[in-house]
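Here's a structure for you.
Note that the chains are named A, B, C, D and E in the order they appear, and that numbering of residues resets to 1 at the start of each chain.
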Amino acid sequence: MTGKNMIKRLLALLLLASIGAMFASLLLAYVPDTDLNFTARYYAEHTAADIGAANIVTAIIVTYRGLDTLGEVTVLFLASGIVGLVLSFGRKQNTTLRNLVPVGELLTTASQYLAPIIMLLGVYVFVNGHLTPGGGFQGGAIIASGMLLLLLSDPLKRFSHTLIATVESFSGVGYIALGLVGLVLAGGFLDSRILPNGVLGELISAGAIPLIYSLIGLKVGAEFSSMLTSLSETEDL
Amino acid sequence: MEFDWMKIPYALLTLFIVVNYGFLLNALIQKIAARVGRRYGIPIWQNYVDLIKNYGLRSSITHGAMFYLGPVFRLSGGVGLLLFVPAIYGSYMFSNLSFAGDLILALYFIFFGTLGMALGAGESGHPYAAIGVSRGLSQVTTSELPLALAVFSVALQYQTLSVTEIVAAQQGGILNWTLFTNPVAVAAAMLSFLGSMMRPPFDVVLAPQEIPIGPPTEYHSSYLALMQTNRAIFPVAKIVIYMNLFFGGASDWPTFFLKVFLIYLWSAFVGVVFPRFRVEQSIRWFLIWAVPLGILSILMV
Amino acid sequence: MVYIAMATGFLLILIGFYGALTNRNLLRMIVAFSIADTGINLVIISVGYLPGRTAPILDTTVTAAAAAARIIDPVPQALVLTAIVIGVGVTALMLAYTLKLYEKKRTLDIAKFTELKW
Amino acid sequence: MKEELQKRVIKGPDGVEFEVEPLRDYYCEAPPTVMPGAYIQIVEDLFNWARAESIWILGFGTGCGAIEMRPLMTPRFDAYRYGVQWRPTPRQANLLMISGYLSTKTLKRAIRSYEQMQSPKYVVGLGSCTINGGMYWDSYNTIKRLDDYLPVDLYIAGCMPRPEALLAGFQDMKKLIRAGKGEGANRYAENFDWYKANQKRVIHDWDMPDYSW
Amino acid sequence: MVSALYILIAALGAAFFLGFLKDGMRATAYALTLAALVFMNFISAGWVWVFVVDGAAPVEILTSGFPPPFAINLRMGLTEAALTLLVNLSGLLSALYLKDVLLALGRRSMAVLLIAVMALCGIILTRDIFNLFVFFELAAIATAGLILLSEDKRALSAGFKYMIVAQAISVLLLIGIIFSYHATGTLNIDGMAEASTELKTGASIAFFLMFIAVVAELKPFPANGWALDIYESAHPAFSAIFSAASGAAFLFAADKLLHIGGAAWFPLATGIGIVTFVAANLLALPQTNDRRLLGYSSIAQTGLVLAVLGQQDILGDRYLFVAGGLLFAHSIAKAGLYWLSGLIAGRELPDWAALRSRPLLIFAFVTFIAMLSGLPPFPGFYAKWELARLLAGEGRIALLALILFGALLEAGYLFRWFGYIIKREQPAQRVACTPHKLAPVIAAVVAGWALGYLWGDLSGHANLLLAVPLLFALSFLLLEWLPAWIKNTLAIAGMVAFFVLTYAEYDPLRLIFSVIILIGGPIIFLASYHEHGRRIGFYPAAMLMYAGLTLLIRANDSFGFFAAWEMLTVGSYFLILRGKHSEPHALSYIIFSLGGAFMILAGFALAAQGAPQFDLASLSLLTQPLAPWVFILLALGFMTKTAAIGLHIWLPGAHGEAETDVSPMVSGILLKAGLFGLIVLLMTMGKQQLYGIELTHVLLWIGALSALLGNLMAIFEEDAKRLLAYSSIGQMGYAVFGLALMNHLGWLMALMFVINHYIYKSMLFLSAGGVAKRTGTRDMYRMGGLITLMPLSFIATLIGIIAVSGVPPLSGFGGRWIFYNAILSSDVRLPMVILFFAGPIAFLYLFRLIHTIFLGQLKDEHRKLKEAPFWIILPQMIFVVLLLVFAVAPGLALRRVDTYLNQFFPEGGLNWAGTTISSNYGYWNPVAIMITVCVIFGSLFAWLLFVNRKAQKVKQFNIVFAGERPYRPETTHFAWNFFAPYRKALGFMVQPFVTRFWSGLTDLLHAAADLSRRLYNGNGQTYAFHFIAFVVVVYFLWTGV
C-alpha cells in the first residue's frame, strides 16, 4: 500500500466517521413510534374499504402512491433503454462469435425444465400481489430470473428484441391507459377503483389492482429481460 | 461696448517706452555681466544696431507658414503680455489694456509666445530646434510652478486677481509690499524668475554650441529681428508682473525703470555666479527648493 | 431490534461508501454501492417497524377493523420497494457503463478515466 | 553618392508606389540671385553702417587659426566692444572667418556654411594659407587660393596673425562694409558657375544641389 | 385547461409507445416524440396563459382519487407552469436540434429524452417528497443516458462519474426522506411544512441530509466536478437541457425543500449558493474549452439562484420576480449558448470567431451574454436590481458584494470571449448552419427579448423596451442591410429630432449635456460618412450608447439612471471593440465599467433602503451613517467612467485603439456620463464626511492626481491617439476637481470643461484619426512634416492645442480663469499644488502632438499623402468655428448655467456685464482679448510678410546641419522619446504602478483559479470524495455556526 493510498484511506475513514457520526446521532435520536402515524393509520383503516386489497402495501404501491410506481416502472424502462443505448454506443458491427466453453448438461437440462416453472411462479406472484406479500415487481423479477437461467444455459441464445420491446410497450402503454381510465372514470389518474372492489381476500378483487400489477409484472419482466439480453449480447466481444 | 480709443495711442506709447528701455536694459545687463568677466562689453546701443542690421539683411528663407508665424506669435505674446498689465499704477494713460483681463490672463498669455515660438521652430524641421523646445518645455513645467503658487498665495492674500488692486493694496510704504507681507511667496517667485530668464544656471535650452541656440537656430534676418524686439519687451513685461505683485508696483516711470532693473539684475547676478544645470537637474532643483517654498506660502496665507 | 437493524443498515451504508471511496476498480465500486443500497433499504424498513406488530396484510387474523392496532407502518414498505427497483436500475446502468468503459480502455481502474478534468 | 541620396521607390501607406529623388525632393534647387541693396541710398547707408557695427561671426574654426579667435572673446581683447559677436548658426552670421588652411574636406563644409548665411555676407581669410596655400602650397588635400572658391572680402596675412591683427582686420572690414564694398554675396551669385566649377574641381563627391540654401 | 398530469402522461405514453415502432420507423418515432413534446408545451403554455391572463389560482391535481397526504398530489401554479414551459420548451427545441442524433440512435434515445423532460416536469409538479425522489432518480438516470447522445467518447466516463455521485446523493436523500417521514408522519411536502417539528429548527440531520442531497444536484462548489465533465463532453443540445431545464427543476425542488424546512434553513441555501456562484465564476476564468466554460457559468448561475432562494424571507412578493428573472435569463441564455456551441467546429474559445461570418449569430451571442451578465433590457437586469435593492435594504451588504463580485468575474470571461469572437482569426471551418439547429438559437433569442419585455412590464419601473431612444437604437438592428450613409443620416436625423422635440424639458445643466449628446453626437457622426459599405454592428452599438446617454440625463429615479448607465456602457463597449487591436482594451473597459456600474447599483440600493422607487433627488435626504457610504460607492462608480487615477487603465487603450470616428464619441461624449453622474451625486448629496474625512476633499485629491498623472503619462506616449486618451484622464481630473470644490465657480469650471473637452478632444481625435488613417500608423515619430499635406488637420490640431492648454484667446483660457477664481473661493489649498503642476505639463504633450505629426521632417512614404477625407475634416472645421465662437462668447452656454447654479451655490456667481465677465476676485473680457490679440498678431504678421516678401522657400533638408546635410528624414526628425530629460527627472512618477496592481490582481485571480481547478482531477472517485467531504464540511460549518 503506497503512502498516497494510505492517506486516501485515512481521509475516507475520517469522512465516513463524520458521516457515521451523523448517522449515529440519527440513530440515537430515533424513537420508534408506538402507534401508527396518521398516514399509516389512514391506510390501515381505509384500505379494505377503499381499495379492497388485502395487502395494504400493494394498495399503497399500486393505488395510493401509483405515480411512484409508474415512476419505478419508468426507471426500469429507462434503465433498460439506456443499457441498450450504452451498449450500442460506439459499437462496431461485430458478428464474429467467440467459442465459449460449453455449459454442463446438468444446467441445460435443469433450466429447460425449471424455466417454465419459474415463469409460472412469477405470474402467480404478480397476479396475487394484492393478497400476498408479492406483486408486479417481485413477479417480474422472478420471470427475469427464468430468462437469466436460460441465458446461462445457452449464452449465445438470442431472444427476440421485438417481442421484448412489444411486451414492454404493451404493458407500459396499457398501464398508462388504465391510469387514464382511472382519471376519466374514477377519482384520478391511476385510480384502481375503475373495477368493483369485490370481496376482500379473493383473487378477483381490489378493483384494477391485479390488472395493473400484471401489467407491471410483465413490464418489469420485460425490462429485466431486455437488460439481460442486452448485456449478454456483449459476450460477443 | 464703450471703448476709449485714446487707449490705443497710450498703449503704443507704453510699448515704445518699454521697447527702448528693454533694448538698453538688455545691453546694460550684458555689460554688467561682461564686467564681471572683466570685459568691457558691448556698446549700450549695440542691440539697436543688431536690430537694424537684421532688418537690413537682404536675403531670407522660409520653411513654411508656421515658420512665419513663430516670431509673430512670439512678439505678439510679448506685446500682449505688456499691454494686458497696467504698467504704471494709478495712471490711466499707462494702464494699457488691462481692462481685458486680470492677472490670470497675463500669466496664461506668457505661454502664447512660447507655444508659437516652439511651433515655428518645429516647422523649420531642425532637430536641434526640437531638442531645444523639449528642454525648454520640460524646464518650464517646474520653473513656473513656484510662481503659480506664489501668485495664488498673493491672490489669496489680497483676495483679488486684479493687478491694479494688488498694487493698490501694497501702497503706503515699503513695508506694505508683498516682499515684506508675504516673503515666502516672494522667495518662491524669485526662484521661479531665475528659471524663466534663460540665464545660467537654467540656460541649457539655448546651449549655443551643442544645439546651436536651440529653438531659434534657423531664424535669421527679419524673423530674428522680431524675436530680438521681443527679447527687449518680454523680460520687462514679465518683470512688470513681478514688480506689481511683489514689489509694490510703480507709480511713475523712474520707479518703474529702477525696479525693473533691480529685478532683472537679480537674475543676472545669479547667472554670472553659477554654472549650467542639465534639464533634469534644474527640474529637481525647482521641485526641491522652490516648490516647497511656494507650498509653504499658500499654506501660510 | 429496531436499533440493531438500523445500525446495521447504517453500517452497511458506511461500508459501502468506504468501498466506493477506496476501491479504484469500477466493479468493486458498483458492488460497494449495492451494499450501501442494501443498507439504506434496511434503514427504511426499520423506520417503519413498530415493536410487536405484524405485516400489513389483512387476513383473518388481522381484520380490517383491527388493522390500525395490529400492523406496522406500511408506508416504508412501499417505499423500500421503489428504492430497491431504482437501485437495481442504476446498478444495471452502471454495469453497462463499466462494460463500455472497459471496452474502451481495457482497464477497470477509475483513475484511468480522467481525460475530462479541470 | 550616399545610398540615402539616390533615387528610391517607396510604397506609400495606401499601397501606391512612387519614386523619391532626395536631391530634388528634399533640397531647394534654386540658384542664388544677386540681391540689390535698398532702393533709397540713405537707407542702404544706414544698413551698411549697421552691418559694419554688428558683425556676427560664424563660430566655425577651420584651421589652426581658429585658436587665435578665442582670445578675442576674452577680457584681454574683447572684440564685443566693436560690435563683433559669435553666432553658432550660419543663418544668423554675417561673416565667415576661414581661419587658416582649408582641407578639401573642410572646404565642402565651409562652402555649405557660407551658402547658408544670409546676404550680405562676408568672408575673411586668415593667415597666408588662405592666400596662396602657405606652407601647404604643395599639399595634396588643401586648397591654395581661397578666393577661387569663396568670394573673399579681406585677407589678414600672417602665420598666424595675432589677435591684434584680427582686430585690425575687423576694423578694415567695417570700413569696407560701410563703403558698400562688402558685396561678396552678389559676386558669388554673379559668378556662381565659375565658383561652383572651381569647387567641384577639388571636391569630387559633391552630392547636393549646387547651392545649399 | 388540460390537466398538468397530461404532461407526464403524454411523455410516458409516447415513450412507451415508441417500443411498438419498428427500428426502421425512426422518422415516425421522431415525429411522435416531437408531437408529444409539442403537446406538453401546449399544456404548459396554456397554463401559463391561464395564470397570467386570467389570474387563476393554483390548481391541485390529485392522483388515484385520494386527497393528499394519502395519495400523491401535484400542483400547477404560475411558477410551475412557467418552469414546465421552460423545461418542455428546451426539451422540444433540443429535440429539434438533436434531429440527426436521435434519428441515428433510434427510438430508445427518443424515449430517454421524453422521459428526461417528463421527469423534470415531474420534479416541478409533484408535492410529494418521495415522489420527488422518484422523479429525481428518473432525471438522474435519464441524464446518464442522454450524455451518450454526444459524439464525444469521453462522455462515457462523464456519465459514469455522474452515476457514482448520484448514487451517493440518493443514499443520503433516502435517509433524509425516511427520517423526515418518521418525524412528520407524512410524505406530503405541504404536510411536512405544516407539521411543526424539529425539521424547522435547522438542527435536524434528517432535513439536512435531504436538503444537501437536493443541493448536491445543483452542482455546488466543490462537489461539482462531475457536472463540469458532463457539460464538457455531452452533446450541446443535452447540455442545454441539463443547464436550463434540469437546473430550473432542481432549483424548484430546493425551493420545495426550503418550504419544508422554513426560514431556519435559508442561510444554508444562501451560503452554499453564493460560495458556488463566486467560486465557479472564479474557476471559469482560466477556462479555454467553451462548453466547460459554459458549464462553470451554469453552475455559477444556479448557485446564484440558490442564494436567492435563501433570501426569500426578505424578497417577499418580489421573490418570484427576482428568482425567476435570474433563472430564466440564465436558462435561456445558457441553452442558447449551448445550442450555438453545436454550430462551432472547434472547442477552444477563439474558435468561436467562426461566428463572425454570421451577424445574426453574433447578435444571438450578444443577446445571451447580455442576459447572463444581467444587462438591460433583459430579465436578469431587473432581477439584479430588485435583488440588490432588497438585500441592501436589509443590510445584507456582504452578500450583495459577493454577488456583484461574482457577476463581475462572469462578465469578465464572457466579454473576453466575445472579444475573441470579434477579434480573433476566423478558423477554417465555417459555422454549420442547418435550419433545425438554427431555429432553437433564434427561439432563445426571441424568448430572451420577450422575457425582457415581460420583466420590464412587471418591474414596476418604466419598461426599458418602451423607451424611445432605446427603441430607436434597436431599430438599427433591423436596418443593418442598409448602406452606412443612409443609416448615418437616419441616426443624425433621429438624434436631432429628439433634441428638437425635447429640449424644452431640460434644466440648463441638463441642457448642456443634452446638447453635447444630441447635437454634438451628430456632428461627430458627420465623420462617419466617410465609411463605406454597410458597417455592420456600428450603428446599433453607437445608437445604444447614445440612447443610454440620453436616457441618463432624462432619468429621474435611480432605476432609470442605472439602466441608462448600463446601456451606454454596453453600447460603448461594442463601439470600442470595433477598433483593430482593441480586444484587450475593450475588455478592460467593460470590466472596469461594469465594476463601476455595480458600485453604482450597490450605492443606489443602499440609498433606497428597500424602497421600490427612489428618486435621484432623494439622495439629498440620506443621513449618517449611510450617506457617506452611498456617496463613496456612487462616486467610485462614476469615476470609473471619468477614468480617475487608479481606475484609469482601461482608457488609453480603449480610446486609442477605437476607430477614427469612435474615439471622439467615447472621449468627447461618453466620458461626460461620468461627470454627469458626479454632478447629480454632488448636487444632491453635497459634502459628506466619513471618519472625519471630508469626502469631497478626497475627490479633490483624486481629481488633482488624475490631472497630474494623466498629463504626465501623456507626455511619454508615442501613440497619438493614446496621448489624447491620457490627456482625457487629465482633463477629466480637472473637471472632477472643479466639481469637488463644491462652490459655484468650481462647478462652472467643470461645466466649462465639459463643453470645452467635448469640442477640442473630439476635434483632436478626429484630426489624429484622419492623419492616422492616411499615414497608416498612430506612432507620432513615424509621421512628421505633414503640415503642408494636411493643412486643415493641422489647423484643427493647432486650434485644439491652444484651446486645451488654456492659452488666451481661445476658450480653454476661460476654463482656467474660472478655475483660479474657484480655488480662491475654496479653503482647500494643497491639492491645488498638484493641479498647478499639471497645467504646464499639458503643454509638453500638446506641443509634442503637433510637432511630431505636423512639423519637423516629412517622411519618404508620406510624400504623396492627401488631406484627410472630407467627412473627417468637416466636423473638425465645425469644431474650430464652435471653439472660436465659444471663445468669444462663453456666455452663450454658461450664463444660464451660472444662474441655474445659484440655487445650489447662491454665493460666488459670475457677473455678466456687457462683454466683461467678472467674479469676486477678477474679471476678463473675452471679446477684448480676442480683438487685442488679433490686432497685434495681424499687424505683426503683416509686417513680417512685408519685410520678408522676397523670402526663398526652401525644402526640408535645407537646414543648418553643422556644415553637413541630413540624409534621411527619419534620422533628422527629433520625435521619439521626445521628452527624454523629463523622463530622467520625473519618469519614476509614471511607473505603471496602477497597471501592475490591476494586472497583478487579475493574475492572482487567474492563478488562484487555475490552482483551485486542479481540484477537479477527473477521477470519479475523487468527485465522490468531494461530495462526501462537501456534506461533512457543510454540516460542520452549519452546525458550528
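In this text, contacts are C-beta pairs under 8 Å (C-beta built on N, C-alpha and C of every residue); 3 or more make two chains touch, one makes a residue touch a chain.
Because the structure is predicted, anything quoted here is derived from the model rather than measured.
Each step here moves to a touching chain, and the least such steps from chain B to chain C number 2. Looking at chain A and chain D, the chains in contact with each of them are E. If you compare C-E with A-E, the chain pair joined by more contacting C-beta pairs is A-E. Of all chains displayed, E has the C-alpha centre closest to the centre of the whole protein C-alpha set.
The distance from the centre of chain A to the centre of chain B, each centre being the mean of the chain's C-alpha atoms, comes to 105 Å.
Put simply, the C-alpha centre of chain A and that of chain C have 14 angstrom between them.
Distance from the chain D centre to the chain E centre is 69 Å, each centre being the mean of its Cα atoms. Chain geometry summary: the mean Cα position of chain B and that of chain D are 35 Å apart.
Within chain C, residues 13, 17, 21, 47, 75, 82, 86, 89-90, 93, 97, 100, 104 each touch two or more of the remaining chains.
For chain A, the set of residues that touch two or more other chains comprises 12, 15-16, 19, 23, 26, 30, 33, 37, 39-40, 43, 65, 68, 71-72, 75, 78-79, 82, 86, 89-90.
Shared contact sites, meaning residues of chain B that touch two or more other chains, fall at 55, 59-61, 212, 217-218, 221.
Taken pair by pair, the chains that touch are A-C, A-E, B-D, B-E, C-E, D-E.
By the touch criterion stated above, chain E contacts chain D in their complex at residues 774-777, 860-865, 952-958, 960, 962-969. Those residues of chain E that touch chain B in the complex are listed here as 785, 787-788, 791, 798, 801-802, 805-808, 813, 816-817, 820-821, 823-824, 829-830, 832-833, 836-837, 839-841, 843-844, 847, 850-851, 855-857, 914-916, 919-925, 927-929, 932-933, 936-937, 940-941, 944-945, 947-948, 950-954, 956-960, 962, 972-975, 978-982, 984-986. Considering their complex, residues 13, 16-17, 20-21, 24, 26, 29, 33, 36-37, 39-40, 43-44, 47, 75-76, 79, 82-83, 86, 89-90, 93-94, 97-98, 100-101, 104, 110-111, 113-118 of chain C touch chain E.
The touching residues of chain D, when paired with chain E in their complex, are 2, 4-5, 8, 10-14, 16, 18, 20, 22, 25-28, 30, 60, 89-91, 108-110, 112-113, 116, 208, 212-213.
Within the complex formed with chain A, the residues of chain E that make contact are 3, 5, 9, 12-13, 15-20, 22, 61-66, 69-72, 105, 108-109, 111-112, 115, 118-119, 122, 126, 128, 130-131, 134-135, 137-138, 141-142, 144-145, 148, 153, 156, 175, 179, 182, 185-187, 205-206, 208-209, 1025, 1028-1029, 1031-1032, 1035-1036.
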